[in-house]
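Presented sequentially are two complexes of subunit A, the first with subunit B as partner and the second with subunit C.
Let's turn to the complex of A and B:
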């Protein structure tokens, strides 16, 4: 109940934030722009629409996850709004969870709106829609959830600017973890141990990327999908637990 | 539980040391503070800015962890959910979710206490009425003045019908009318059986309202007790006398009796520190056939005590330095 109230309040806060609408409009314009770009390409325009569409949904969702996520807690501390919440019978982890669920809900609805835009463009151009497209969209949402948890973790102990830098860095590295492992193997010795350690500790965000499958119309089995989803959920739980531990020890000065 | 049921806030040798700056310099914000708030009273928590009032209150509300010592609310350790359910809290210069309207704002806080539906709506209407904000119930908080924010802030502190209300500087930043309204509200809360603890650096307010006060300076308790007790014990009562047509000889006789004498043409103003000196001065007036214009006892106030204590603290600090 308390978690849901905080989640709903966070969701409402997001809805009344102009940033969200600006990003959403941009995303829809990007998706729509594939219609124009299509005329400049020879053949394969189905792939182009799907590439630009899914890419836009992913890119703008990540922007929202990072830039709203880093403010979730740090803004509450900065603006001192947290004082009135923590002094009520609300445990600190409930507050954190509420904020997290609120933003996740925002991202889910945002993705749904952007996906509708993409589906509209696809049907306008008579592009066949396969089940793998929806699977890819679900995985995009799972990736948002992991990134939101990363942003939330950073926002429990550092300022908004640093949180943004850390989260962006982790997002980029998260998409390059297989390269880390490959690079480590070439290096050998201590370098290999460190890079392999990083490979296992950092989130492997590339696992959630099914855009290639969509454009090449390669289906993903339900088993694989569940495994990737479970990985995302486990990683999110790990991040949220860590955030709760950090947050529990904090003084609100 | 072996806790005096009358004491609903107990602070025992509470200390908070902050580490500040890059090198983690240690600063003691609250130093071995002990006090108790009893059921049904208005308790003033006084001290100059930066004395450690807000830090202490934050420790009571579980926002800051103490470095040493303990604090209990209703006999339970601070941070306990059951204890928090019986407390209402207004932070210093409150900032709220400014994208919410008054009603949405109060509904949100009501939900945090598990209040729902018609009961909650009724409570919200009552509270908006109580703080005189019914006209602004559908207005977003971003459009509010400071006084209006303070009012909805008080309303959110009362949403759970708390037994104990803790207000951090509830009168700061308000105009005289606003301050009077807050004072009246505090009295009404006491009348309805609630216990109120509030911090302030405006001593006049405390003097009018409080049953008991604690005064802290530089994190330490410097005085504690009933207002009347503190004023009587802690300060001497001065008397101001204004006289006309006193001869120069008379003035010379008056001078050694008074703490201070001022001459304005024919008029003499003198301040005396005791009743005996006043009596002797009156004898001088009679002998010299002067005209007594006024004789006014200066009522000792918390402010005198406060300034005296502040000077004391300053001296102690200087000696140690």
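Let's turn to the complex of A and C:
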């Protein structure tokens, strides 16, 4: 399939870019923190390991999603390699989808390896592992998928630098949207409509954040998980559709 | 492959159906997805967000000393965001005493992040005194504000109010009003007010003048309403003093208390019986000679103390 072959190509390209070296940093961080912090902290050691582990999985992933995501299309255009693909019988949306799936695959594998590292440290330190940890990891991947789609959308019409700025901004905004709703409720009238509209249209990235649930061992029901997952998928589809529409109209010179 | 004009012509993906069908299908898809996102978002709102009042979050606010480094130099922006959240709490009709503690804490954080945020001190001072009845917290906040912003006249002005009316310390109150009067930009009536407050501590007329000044400086309707109530209470005190004075004159002459208040008018000790500002009436106990208001039977503490200490 065309999409898959582009996806695998993107994945291979990511590997060639030594993208997975971040795993090394992660491994060092995990080992280092478990060795050092174990001596420094008093009690609640599980918590530190979980927080550092999940936090860095999320952080590295977001960085990759943003900074590799913005280059997915713009790099091909700058290097003029896009001509060789567009001239083939490949629809543009297929090209975009392939690129997207490729990076998502990279992120998935990256996260999976990191998660294995985290699990290894946890089991070595005899930390009980709860199901909610896996739920949180899945949600982290869903967040990556949304952010990658945002980066891809921006990179279809803007330069790499601006795409990075826009995506980073949207990432920060995405974690603050509940404020928009709260302020809108107090405003009333037109202000309320505008703020609530923004609240519903902007991605609510805090929904995917279950890291706190893991630390405090609060379970998330399957229904909630499915609802959040469905939201993430719908948002990703929406962004990819927009990206396809923009990309379809674009001229390459 | 050579440069071909094929790139100039937009390659069509959906070649078969006419373009308007394609674009309307795409538009439908986009709007459909948007509707789906919104409905899913609403679903999540209902599902997950338990309605914890925002104010509880203020309780967990870290101290400003720890918050400031985390804000990476954006602490003014941080103060603004926090201030916005705080205002949502201030807007609530009634808060519990815990909530006012948190409110003070949050105000302390805001004003430590941005010590020059004079308005935050002022509003905080007004709310903590009038709504929360926590004059101690109000004074602590205002004194911090006065220390950091010696050029703001309304912070010592409010401190003066707290000491004069709430704590009943007329001298200290007058001192603060004096400080406010010496600040540049202070209104012209302040110096006169300060001297009279010193001279006639506990005089309801001076108090009324002070309240009127506060009323003028406060555009907030809720605060104004409270000030009006307080002014009416002071008016009762003024009227009661007038009545008591007339009664004591009457008693000296006739060796007995009048049977009704109207006797004071008929014997010429009073031109007329003053109207009770809350719409009630003044009642005379002809055995003890004491007058009370039907709406506010207890008298203002501030003035009582002055009365007892020989006025």
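By definition in this document, the second predicted complex is superposed on the first by the 233 of 253 C-alpha atoms of A that agree within 3 Å, B and C clash if a C-alpha of one lies under 4 Å from a C-alpha of the other, contacts with A are read in each partner's own complex, and residues count from 1 in each chain.
To be clear about the criterion, a residue touches a chain if its C-beta (ideal position, glycine included) is under 8 Å from a C-beta of that chain, and two chains touch if they have at least 3 such contacts.
All values reported here derive from a predicted model rather than from experimental measurement.
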Subunit A: partner with more touched residues, subunit B or subunit C: C
Which superposed partner A:238 touches (first subunit B, second subunit C, both, neither): second
Contacts of A:129 with subunit B and subunit C, given as first, second, both or neither: neither
Which of subunit B and subunit C A:29 touches, first, second, both or neither: neither
First (subunit B), second (subunit C), both or neither touched by A:187: neither
Touching partner for A:169 - first (subunit B), second (subunit C), both, neither: neither
First (subunit B), second (subunit C), both or neither touched by A:86: both
First, second, both or neither for A:218, with subunit B first and subunit C second: neither
Which superposed partner A:207 touches (first subunit B, second subunit C, both, neither): second
Which superposed partner A:120 touches (first subunit B, second subunit C, both, neither): neither
Residues of subunit A contacting subunit B in one complex and subunit C in the other: 83-84, 86-87, 91, 249, 251-253
In the complex with subunit B, residue positions of subunit A that touch it: 1-2, 5-6, 9, 12-13, 16-17, 79-91, 249, 251-253
Interfacial residue positions of subunit B with respect to subunit A in the complex: 18, 58, 61-65, 81-82, 84-85, 87, 89, 91, 94-97, 99-100, 104, 108-109, 111-114, 153, 156, 160
Of subunit A, residues touching subunit C in the complex: 83-84, 86-87, 91-93, 178-179, 181-183, 186, 199-201, 204, 207, 223-224, 227-228, 230-231, 234-235, 237-238, 241-242, 245, 248-249, 251-253
Footprint of subunit A on subunit C - complex, ascending: 1, 6-8, 10-11, 13, 26, 29-30, 33-34, 36-38, 40-45, 47-49, 54, 81, 84-85, 88, 91
